[in-house]
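Once you scroll down, you'll see the structures, which are given as structure tokens.
What follows is chain A paired twice: with chain B in the first complex and chain C in the second.
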Partner chain A sequence: MIGHDVFLPAPLLVLSFGIMIVLAATACRRSAGRSLLGGMVTLLLALAVVGLHTGGVSGSEGDTLFIQDRWTTYTAALSLFSSMCILLMSWRDTAHEGAGTGDEYVLLFMLGTLGALAMVFSANYMPFFMGLELLGVSLMGLVAFRRRPATAGHEAAMKYLILSGVSSAILLFGIGLAYGVTGSLRFAPPVATGDIPAALPMAATVMILVGMFFKLSAVPFHMWLPDVMEGARVPVAAFLAVVSKIAIFSSLVRYFGAEEQPPFLNDILYAVIVLTILGGNLLALRQTSLPRLMACSSIAHVGYLLIAFLCPGLLQAGAITIYLAAYSASTLGVFAIMTAFAPPDGPEGTVIAQWTGLFSSRPFLASAMTLMLLSLAGIPPGIGFLAKFQIAATGVAHQRDLLVCVLVIGSIIGLYYYLNIIRVMLAAPLFPSAGQNRDSRPELTALVIVLTIIVVIGGLFPVRAIHPILPMHPALPETRDETVHWRAGLR
Partner chain B sequence: MHALALLAAGITVMGAIMVITRRVAVHAVLYLVVTLLALSVVLVMLGASFAAMLEVIIYAGAIMVLFIFVIMMLNLGQPDSQREKEWLRPRAWLGPGVLAAIVCMELLYCASPLSGPARLPVPITAHDVGLSLFGRYVLMVELVSFLLLAGLVTAFHIGRHREGGH
Partner chain C sequence: MNALPALVLLPILGGGVAWVAGRIRPVPTPASRDAAWWVVLATLVMETLLLALVTFGHQPHAGPWLAHFSMPWLPAMGIAVRLDMDGLSLSLIWLSLVLCFPCVFLSTRQVTVNAGAFHFLFLATLTGVIGTFLATDLFLFFFFWELMLVPMFVLIATWGHEDRQRAAMTFFMFTQGSGLLMLVSILGLVMAHYRTTGVLTFDYVTLSRTPLSPALSMLLMVGFFMAFAVKLPVVPVHVWLPAAHTQAPTAASVLLAGILLKTGGYGMIRFNVMLFPDAASRFAPIAMGLGVAGILYGAWLSFAQDDVKRLIAYSSVSHMGFVLLGIFCGSRMGMQGAIMQMLAHGLSTAALFLIAGAIQDRLHTRDMRRIGGLWAAMPRLSSAGVFFAVAALGMPGLGNFTGEFLVLLAAWHVSPPLATVAAAGLVPAAMYALRMVNRIFLAAPRAGLRPGPDLPARQMAVLACVMALVVMLGLYPQPFMTFSLPLPVADMTGGEDGAP
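Right after this comes the complex of A and B.
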């Protein structure tokens, strides 16, 4: 194979080279600061070339390993941006840790991002599965990075390893069945041909769906996420909640396409969505630890996203893209504020009760946190309002009454626990000297400001701020005009 | 042919279950060897004889030696003589031995003229494997190398971390 013939999206190439350079630099002299710098530059470069690729597009359908279109460009850019934010969040701690472990953290972080990108760009089962495993193995290492109670990190990593192994096995079984049915590794649901019984492709599809739901932590398969996110460091929890979910959701949309799903799949998705929204929100009600609460809320948000996935048509592409952006920005914001609030090397400020009186001690953080939480709850000043509105619109357009009802009930429950955090922050401080270890962390302040601007601008001027980045879904080229019409109506 | 494949597959599953339920690491390793051998028999019946050879040489051979080496290095507590006695009891090797014997008999049956002319699917040779690995799937090979790197760094980190904790 000649090098320049290989079709390869440029971000993957840049990220691979970056990893090798960081690895070589580590071999020369171990330094956490240099690795962090290398990682950040690599991510920036990858973001800059996110729409490019090497080689020509291979002509024959089903022969290509990777694919590149507007959907991949959008989700890859979103994952890379989120990765950059998370790397910035972990900057101080990693540099503080010194050369021993800091550079390993950066290396694993970049490998995980590479895995996520491989999933986003995959048009074949093979890169998809490799990316999934790459993401899983790196995440296991990242989860184990917790210093303070070292056993907590190891326990969380062990849980993640076992459950991720189980889900990979189910997924692989499904892929094997699909290959048996179609004889091709193309990344699309298998269709029965000839004298193959119809149950076989159905079983394959369901197994692949179950494997994806495990990784996406939809409700019957959600138990691992709160435990793992609580056991991991705050930035790693953010990586789990944002980058890994974007990658898997992106592959889910790529796999099943945006058209009407077959009836058996529709029923399964219906049940999973109802369970996910109600389960995630109800679980979040009684949480006292903020990472656990965010984990439950992220389960619920996956449910909302799946509503948009289930309702193909005019509004779908816009709803999915805006929701992904809103969810990533708001969740990243909450985690960034959590990192900024945490004392440098204490037991991090993860218990909600520790946030008492934040409005009087650190008003900037508290206001930003309020904004992010309101955006997650779907209240107008934030971008989350528009996102939830569009999800509801897709549901109404398809007359999915049950799903819209569940969406409303879930949002009401969600309001309770999001507002509860704001109530705790507004309460009078228990100890007057609550903000004793207030070290300034300029990079986090800048990050919080940027995310706040994104959330506010997206919420206040949705039409202007969001349209330029809106890609149409590749499977739905014909809906483009109608979506534009609908948006014109909104204006 | 179907019955033979099912037999080998059954032994694979049984061995795998025994691997994860044994309490002594060496017993689990013995069952793992049987599992890998039975799996390679399944691969042969699918026409992938090259993959089967690799399975035997690399996994059942090299990696198992590595496992046993590590278990011996770790040297868990008891005095050597007691530990060896514990390992070599019939209870420990009888199960894997019986399963391995079944796989071996299956192999002999297939090799003997009793089984009739073999009707293999199109066999996959080393040549084909090499062509796809370094032709169409060359990027996958690169991706796998990154996967191995991730595994290596993770194992290195977790292993050293625990050592520091003691």
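Right after this comes the complex of A and C.
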């Protein structure tokens, strides 16, 4: 099966070769700076070739390992761009680490990105699971990278290792069951054929879903995320919150397709969404540490995204596209500002109370932070406003009244904790320079400016026409109707 | 060249320039603060000229609207930048601009900390308000509705008084939370329209022709009503108002009381009564009851306050009850009364907040138990205070009386008992207004109180202009009454089927 099939998306190839070259270079002479440069160039190259592939066209019949369409191009580009931003965030600290560990960090980081990309492109259980594990294992290394206090990093890495292992096991069990039912490793929900009882494919689907929810940190499976993100370095926390979630969500959409889900899945998703939005927002209310708060808010945002996933139709593609972009840009912005503000590696600067008076001490950072937080809360002029508007529109269009209510309640709760940070920053400074990083870092300033521009421009002048980029199963008759509707909407 | 987008964008652009002007020097000096102030003044003058051009110039192709502007924004979702102006929006924009001048002359020059940013936020709020008054695309309306909250939040939270942060949070949470209900209603209306016609649009005129079932239209109308009721405010959801008005810096108090409350009234007229006329008439008894409750409750609480700004804030709740009552009377007269009340209340309450701010600047307290007998030391300020307090209590011949009288008359046609109860609210109004006048201005001077200088002549001249307007609204209201009525939905053109 693999022998004759040489279809391979180009970014995977570029990234793999890049990793090998950086590895070889490390063998010659260990240098953090060189590795960082190699990593950045590789990511740039991968981003440049994100729409290309090698080998023959992926056959619609038969099994292929990978697939490439608009959806993969979009999510892969988004994860590559986010990875670049995060690499830029960790540039200075990694360069300071010295040769011994700095280049290991870069290698792990690139491996993690490769895993995420493999998940995005996979059309088969094998590359999906490999990508998942690649991402998980390198993330464990990355989380443990924290030096001061080292125990926090190790503890977080341990937690991540155990829970990620458990979820992988559940996922693998599900994949095994699915293979048993269909006899194929194709990346799609199993359908019972012949005399197989209907419960078997259902069990397989639910187990795979549970595994994905674990990685996505939807609510009953969310406990690990705040601890891990608090224990990890700030850029690694950003990687967890953005790149790994994009990858998982991308494959979730790929796996279940963007159509109406079967009833039992619908019910499960319904319950999970309600729990995720309320749980994430309520947890975030009491947090005093900014990474923990961002972890909880990212749980809630996954819930909002799942609403769009559950409401197929005219507006879905636009909602998911814009929401992913809005979430990534705003979250990356918050983490970039956190990196610029907090001294490397220490626990300082991550406690919200230490941000008191930021508006008077560093007005630019504080203004950008305000914009990012407002965008996350869904208030104009940031792109998050449009994103939340579209999510609500999909919900209303599908008459998912309960979900829309939960969205409103969650947004109000969310507003409180986002505003609270702004309030703290607006307050008069109590202890002017305690725990604040005063040296300016031009690369971070540039990154924050770029993300700010993206957030504002995206909010004011969103893409004129949002193309239907979601994966559709071509066999289904609804697909064609959908495009007709879409055209009608465009006109 | 269409003036409407310029009208919306000019304040925020001018605010940006003011911010830059305030930050040119690394260490702020009085000169750079004044630079920001002058930029703001120039922006307001330009904006006024532009508005005068729109008011008195002739627009050849505007149709029934006074001015019309349309540009695609998000065509895939049927969202466009649609700005339309009728008499109602024009008169409310005039009110906003007229109020900005006394603000700038009397209060914003006193801001010393970060003056550039203060002026930027001040003008950004103005942009949000003007946009709200002009937008006829529901998405755009919601965009501006949310947009004006952010600068106001920062104004209160940064430059406000002792308990500012809590007040700012309450203000934002209430308005934004109710705004989300309006968002759901907007989407519900759009989707109902899409389901019946297959056209996805956010255009006000097109959506006003959507056939709706009674239950659905009631539901949607209540969603809109919640957002506007919080902003107006209507009694059970008014709790954010006293804190926000009291803690805000003077200029922000004026904006809040003078203009932001009017966006609530404007929204009720434009979106509740005109978009869902049937549902609104069925809802009218409840709304009118809430209005009367607001009149009495606001006046009652106002009577019990010792804090000057809090007293004025509660009197706003009472006055806005008349607006709610008038809007839901369902008659032309009630609507005229509500609009007159909005204009007159905007002028008189804003002036009262300015005077309260001036008193606080000079005496460093708002507690009426510690202020007294200012007439001897500050005759100009005191006379202005007495004038506007008397206007607020509804003295015949002044603007507020016209509004209240028309509203009561219209309410009498609907329900005499209700009108009687509402009229009874004028008694406590007279009591709290005269009590305030007595304690602050007329009583014997307190020992240990060192009054500052009186209002300078220039500021007094600005206040005199506001007084003249209040008198004009009271003595010769007819042109304002006919001019400021909203354009009826039936006469509206535009949207998809108007211009294919």
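One rule holds for everything that comes next: the second predicted complex is superposed on the first by the 444 of 491 C-alpha atoms of A that agree within 3 Å, B and C clash if a C-alpha of one lies under 4 Å from a C-alpha of the other, contacts with A are read in each partner's own complex, and residues count from 1 in each chain.
Note that in this section contacts are C-beta pairs under 8 Å (C-beta built on N, C-alpha and C of every residue); 3 or more make two chains touch, one makes a residue touch a chain.
Please read these numbers as outputs of a predicted model, since none were measured by experiment.
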Sharing chain A, do chain B and chain C clash or fit in the superposition? fit
After the superposition on A, what does A:F128 contact: first (chain B), second (chain C), both or neither? neither
Counting only touches as set out at the top, which of chain B and chain C does A:A144 meet: first, second, both, neither? first
Once both structures sit on chain A, report the angle chain B, chain A, chain C from C-alpha centres, rounded to the nearest 10 degrees. 150
Taking the superposition as given, does A:V408 touch the first partner, chain B, the second, chain C, both, or neither? second
Look at A:L8 in the shared chain and tell me whether it touches chain B only, chain C only, both, or neither; answer first, second, both or neither. first
Once the shared chain is lined up, is A:A118 touching chain B (first), chain C (second), both, or neither of them? first
Output check: A:A392 vs chain B and chain C. Expected answer is one of first, second, both, neither. What do you get? second
Quick check on the superposed model: minimum Cα to Cα separation from chain B to chain C, whole Å please. 41
Once the complexes are superposed, what residues of chain A are shared between the chain B interface and the chain C interface? none
Given the complex, residues on chain C that touch chain A span 74-78, 114, 139, 142-143, 146-147, 149-150, 153-154, 157-158, 165, 168-169, 172-173, 176-177, 180-181, 183-184, 187-188, 190-191, 194, 198, 200
Mind pulling up the chain A residues that touch chain B in the complex? 1, 6, 8, 16, 19, 23, 63, 65-66, 101, 104, 107-108, 111-112, 114-115, 118, 126-127, 130-131, 133-134, 137-138, 140-141, 144-145, 150, 154, 157
Partner chain C, residues of chain A touching it in the complex: 314-315, 318, 359-360, 374, 379-381, 385, 389-390, 392-393, 396-397, 404, 408, 411-412, 415-416, 419-420, 422-423, 426-427, 462, 464-466, 488-490
Would you tell me which residues of chain B are touching chain A in their complex? 134-140, 142-144, 146-147, 149-151, 153-154, 156-158, 161-162, 165
